[in-house]
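Shared chain: subunit A. Partners: subunit B in the first complex, subunit C in the second.
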Partner chain A sequence: MSAQLNTVMSSVWYVAKDEWRYWLRSKVAIFVLAIGLVLTLSSVIKTAFTMHGLSHDRNAMQNLSEETFMEQPDRHPHRMVHYGHYAFRTPSPLSILDPGIDAYTGNSIFLEGHRQNSAMFADQKQGTGLTKLGNLSPAFIVQVLAPLLIILIGYSTMSRERESQTLAFLVAQGTSIYTLIMGKILALFLVVCLITLPLALSGMLAIFQGESLFIVLGFLFGYVFYLLVWVLIVVFLSTLVSKNNESFTALVFVWILLCIAMPRVASTTASVSSPSAGKLETDFAVIAALRKLGDGHNANDPAFTKLKDSLLKQYDVETVEELPINFRGAVASASEAELSKVLNQFAEQRMDTELEQTQIARRFGWLSPNVAIRSLSMITAGSSIETHHRFLRETEALRLDFVQSLNKAHTEKLSYIDDINRNNGEEAWQRARVSAQNWKMIEGFSFSADSASTRFSRSVGAFAQLFTWATILVVLIRLAGRREI
Partner chain B sequence: MTNVNQNEVVIESQSITVKIQNSTILSDLNFKVAKGEIYALLGGNGAGKSSTLKTFLGFNTPTSGRAIIDGRDVSQSLDMARSKTAYLPENATLYPHLTAKENVEYFLSLADINKSLEDIEAAFERVALQKDAWERQLQTYSKGMRQKTAISLAILREAPIFLLDEPTSGLDPVAIDEFNFLVKELASSGSTILMVTHDVYGACQVANRIGLLRAGELVGEFEAQDNHRIDTEQVHAAFAQRQSS
Partner chain C sequence: MMRQINREWRFMLRQRYVMVILLCSFLVSTFSVTTGLSEVNAQRQTIERLKQADIIDRTKAQAKYDDAGSLAYYSFHLVYSEPSNLAFAALGERDVYPWKHRIRMLALEGQIYESDAQNAELAQAGKIDFAFVISVLSPFFLILLFHDLIASERASGRHNLLVTTAKSVYALWGARAAVRFGAIFLCVLLPFYIGAAISDAALGAVLQITLWCFLYFAFWTALSIYLGRNANSAPRIASALIGLWALFAFVIPILGDLTIEQSIQAPKGSDILLTQREAVNDAWDLPVETTMEAFVAKHPEYKNDTNVEGGFEWKWYYAFQQVGDQVAAPISKEYRAAAHKKHDLAGYVSFFAPPMLIQRKMAEIAQTDAVAAFEYEQNIRDFHKSLRLFYYPWLFRHDEFDKSQLNLMPQFEQTLINSKN
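Up next, the complex of A and B:
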């Protein structure tokens, strides 16, 4: 049994070696292989430099923003609420390979009072029209172009044997067609290893930058497994048909279907199945809801009568002037808290819809391995929608914290009388200020991707999709191997 | 059917019928080939010649009847049958990107057969493959040279049975003579040869016996007598008659 297995394994190896000899002697195959390697390598280098630059820039800008805020002179605290502050999302180490939604969502948020701003500075919004076609990231190359390279190299692996009758010759001398098929799969798998080598090197770089070894291995395994699925597709169709040109045509059609059409069908289906409200519609709804809260800048707004009564009762005084705290600051603080609740409600609704759309689109991974690897790649790289949503939630918490800290200074460190008289001349204006020491409350913001276990558990579905694809293809190859020689 | 010594029968078609998708490809086909014999199955296009070879190779499964190689049913002992047979398809291209030596080494390694370089060169010399061609890729070879390479492989595999599909089609007269000489030499050294062809003259030149195949049925057999060749005129007349009837 063992000797028989050894014979089969060595035969598989001979077939794989001969396939490589064929490719090395064929100019087209060498050309395609060289293009594949150069493309992957150059995009890895280019994206690594870009993301390293971005990471450096965002860290620098985060520090600059914090320094600038803290260096502001003595001021009225509410001016600082509107002066605002920036929070930047630094890219995860693996985003050098898959920037994910980073390019579309924006990477920084302007934090200010009474507003939840959207993320800004997305490459897609800043770039020229051509960048809307997508950057040549390593992920794009391996997800979309590498399958095409595998097709170009491997479309004739089995059909060539049938067309030139060497298949009959081999089988007639006792070589199993499955030995031949396994040899061809092994040969193409070595091509996959070559294509993913630059990814593996970048993965090592990501580990040095603090990424989890476990997640890097998962990321690389996902890509190798995805390309293995493509190897199986190529070998299956090449075994199924009798002519090289039929195999090539069929494979190109399948590539267009799975890599070009299906991802678009997935996103269209997601947006139709779970429609999101338009920006204008949402903005009007937010404004309508906020109107009901009252104007936090106006302490006499009837919306704050209840607050006024409660404070007068609490401090046992008759008028707001007698309060030991600044009533205007208390109004601003209460108003901001209420306003944040409303804004968060709308934000959570929007994020729920986005997540639902993403999950619908991800289900298309059962129909296209390209959709599966896209999900798996972004999730493990920490550049998925979930990570972006966490960034939005964390920055909102930061925003509320920083605005309320200023409102606290407004309430406790500035008298109500000085506050309401602030516009009565230069001296009154100077008195309506608090010390710049109060700006030091701002905390350094840093954002990192989700933990390895969280990202891995999110990617289990995509792994299952790829595994199912591989299993079905193995069964189909076994059936195709039975066809008449 | 011509009488053949049963003890020496190496290839036997026992009432083989092959139906594929309700179409009868071979119908109750009976013939025997003895050790060292060259048997040519002669027939026109669609007569079932290649299907007969495919049945002996296990590529077709008989609907009824049995294909016997060396006393054993092919469908029951496929590995044994394939290890004993050397098959030459009509267009034995082998691998055009490999040299003759590389081709032979590759096929031998897949069959798990170890042969020295001297053995390989001796086989090339035996089939009269020009020495200057041994290291050339087969894409530069003529069909005759490719056939010689394929036969040298069969010799190295020590296969006692040769199944040849239209071996002389597309060969020039000199190459045909060389091929016929080689086939006769193989037979005289004990190999058994079953060839299918539509070339009446070629079959008469080389075969000890000829079976006439029409629409999957064996409709006649001719045998060489007393070291004389089979009468070409006689076979040709029968062939023409069967074709037109």
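Up next, the complex of A and C:
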């Protein structure tokens, strides 16, 4: 049995070697392969440098922002609430292979009291607009261009044998058609390995930068598997038709459909079928809800009577002036807490709609392996929409945290009398302040993507899509092979 | 001639793979136009809803406050850029650049970069609009239709017979090419014409787009036929053509992008914001005169009205808001100039990348390109200015604010009309 297997293996290997010999002789295939390698390699190097630079810049900005905050002089604490703080989204280590949505969302958020700002300054907006169709990222090169290269190298792999009538000869000699097909698949698979090699090297770099080995392997496996699906598509269509040019036309057509048209059909369908109200629109609802809460700047707002009564009762005093704490600070703190609840409720709704849209687009992975690898790649690399949502949530926590600790200083360290008299001349103005020591509570913010296991569990769907593609293609190839004999 | 056309027409109808390509091109074009129409429709409806909510919200704010300072502080104003009638065909940059904001009379640099952007993951994938079908997909259809025009006859052994029996080379290949060209042109553009009729687009613009599409189609057809004229192996020609397509669509634009990004130095957006924030916040601790001097430099008409009594007056507050913008103005201008420069340079690059060229042309005609976004930004700045000029007399000249004046408040629509003139 094992001897038999050995013979099969060696003939598969022989077929693969023979295919490579053919490519080496024909020069076209080698030329195409060389282009593929140059493209992948240059994209890997270029993107690694770019993302490294971005990461460095954003970390530096983050530190600068924290320093300037802490260096502010003694002030009224509420001034610091409006002075605000910045949070920057540092890219995940695997972004050097797939920057994903990094350039399409703002990468910094201004955090201040009473409002949630959106992320500003998306790089794409300040760009040339030339990279609309594709960019020099390893993700784009391998997802879109590599399949085309595999087609150019392999379109004639089976149809050539038929056209030159060597196929009948080979089969008559006792080579099984499946051995032949396996050999061709193996030959093309070696091409896949060559193309993904630069990715693996860059992946190692990501591991050094703290990315989990598990997720990098999953990422690379996803790409190899994706290209294997393309190898199967090429071998299948090349087996199915009887002429080289038919095989070529059919494959190029399938490529346009799956790699160029389908991702865009997916995103268009998603945005048309599940339109999302923008932030501007939900903000109206926020404003309406906030009006009910009352303005936290105005301690006399009737909305805070209840708070006032309970505080007076708690400290057993008659007037707010007698309270051991600053009533205005207490109001600011209570209203910020309420407000943040409302803001978060709407923010969560907005993120849900966005995620829903994205899921619709991702479902197109059943129709195109390209859509599947796109989501798999971005999810595992930590450059998908989920990562951005995580950034939004973390920055909101940071915002509430710094605003509330300032409100705490306002309540506990600034006397109410000084506070209400702050506009009565220069001296009163100076007195209504707390020490700059209170600004030191700003903690270093550094953003990181979700944990490896979370990202992996999100990508299961995309893996399933690719796996289904591969299975169906294997079945189809068997059917096509049977027809051959 | 009619006879030849007729003959080729019937011949084409019998070729299955030509029919498949035609059908696919028609379907994909229809899909792009339909979704484009619904996208534009959704944008229009959003603007309508926002307009109504905006008025309700502002009316409430105006009812609650009586003094000019508070009114200016609590009134937000909707500004927007409505999609043109041709936007359905070229959605352009509208998924990257924001087209709606709500602003108030505070420092504008802090507000104008807010972007109520669409889903980033969808924006990254790109949309399939008609401009995309034309610029990227149609070259493929043309390559597939024309690269083996001659080679396929040679492969089936009819070539020499056809050439010797035909009246002239043009009567044979010309008629065949014309029929295929006409068929694919119609399949791709017919949905567009229907869309244009539905959305009431201007005839001139539609003709302009027709002309550009015709030239672009002619370019790829000529290229395909020319490269395929002496070929024996159709796949080799098609590979070369697809290689050219990849060169035009990806390689040249990407190289151009890298060169432009390297050569243009621009300030970071966040620098504008930081500068503006520092200026506005420092003003609270600076003497009132310092702020007022900087303010009066721009508005000398108020040089006798800068006295601030007590600790706080709205005019001081708004003066330092404006001074914040003034301080950030040089970086902001540089930032915008860099964006303009990049757009212009990208225009030169696109001369060497026909798919980019036609996409830019179509977005330009449909007013959905970066230039339209820049204009919208300028409209916001103009409107903000008119808002300030409306409130300043009430803030600085201590007149009792007469609420009936609110009827005279500047409207964004008026700014739009003024900018067109």
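The rule we apply is simple: the second predicted complex is superposed on the first by the 475 of 485 C-alpha atoms of A that agree within 3 Å, B and C clash if a C-alpha of one lies under 4 Å from a C-alpha of the other, contacts with A are read in each partner's own complex, and residues count from 1 in each chain.
Keep in mind that, in the parts below, a contact is a pair of C-beta atoms (placed from the backbone, for glycine too) under 8 Å apart; a residue touches a chain by one contact, two chains touch by 3 or more.
These numbers were taken from a predicted model, which means no experiment stands behind them.
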{"item": "Partner chain in contact with A:Arg25 - subunit B first, subunit C second, else both or neither", "value": "first"}
{"item": "Partner contacting more residues of subunit A (subunit B vs subunit C)", "value": "C"}
{"item": "Contacts of A:Thr395 with subunit B and subunit C, given as first, second, both or neither", "value": "neither"}
{"item": "Touching partner for A:Val15 - first (subunit B), second (subunit C), both, neither", "value": "first"}
{"item": "First, second, both or neither for A:Ile287, with subunit B first and subunit C second", "value": "second"}
{"item": "First, second, both or neither for A:Gln404, with subunit B first and subunit C second", "value": "neither"}
{"item": "Touched partner set for A:Arg79, first subunit B, second subunit C, both or neither", "value": "second"}
{"item": "Partner chain in contact with A:Phe253 - subunit B first, subunit C second, else both or neither", "value": "second"}
{"item": "Touched partner set for A:Gln165, first subunit B, second subunit C, both or neither", "value": "first"}
{"item": "Subunit B versus subunit C as contact partner of A:Gly174, first or second or both or neither", "value": "first"}
{"item": "Contact residues of subunit A, present in both the subunit B and the subunit C interface", "value": "none"}
{"item": "Interfacial residue positions of subunit A with respect to subunit C in the complex", "value": "28, 46, 61, 65, 68, 73, 75, 79, 82-84, 86, 100-101, 103-106, 108, 110, 117-118, 120-122, 124-136, 145, 148, 152, 155-156, 244-245, 248-249, 252-253, 256, 260-261, 263-272, 275-281, 283-284, 287, 291, 354, 357-358, 361, 374, 378, 384-385, 388, 422-425, 428-429"}
{"item": "Footprint of subunit B on subunit A - complex, ascending", "value": "7, 10-11, 14-15, 18, 21-22, 25-26, 164-166, 168-175, 179, 484-485"}
{"item": "In the complex, subunit B residues that touch subunit A", "value": "54, 57, 59, 79, 82-83, 85-98, 102, 106-107, 109-112, 137, 150, 157, 159, 163"}
{"item": "Interface residues, subunit C side, partner subunit A - complex", "value": "17, 21, 24, 28, 31-32, 35, 38-39, 42, 46, 49-50, 53-54, 57, 60, 93, 96-97, 100-102, 110, 113-129, 132, 136-137, 140, 144, 148, 152, 155, 233-236, 238-239, 242, 246, 249-250, 253-254, 256-258, 260-261, 266, 268-270, 273-274, 277-278, 281, 284-285, 310-312, 335, 338-339, 342-343, 345-346, 349-350, 353, 355-356, 359-360, 369-370"}
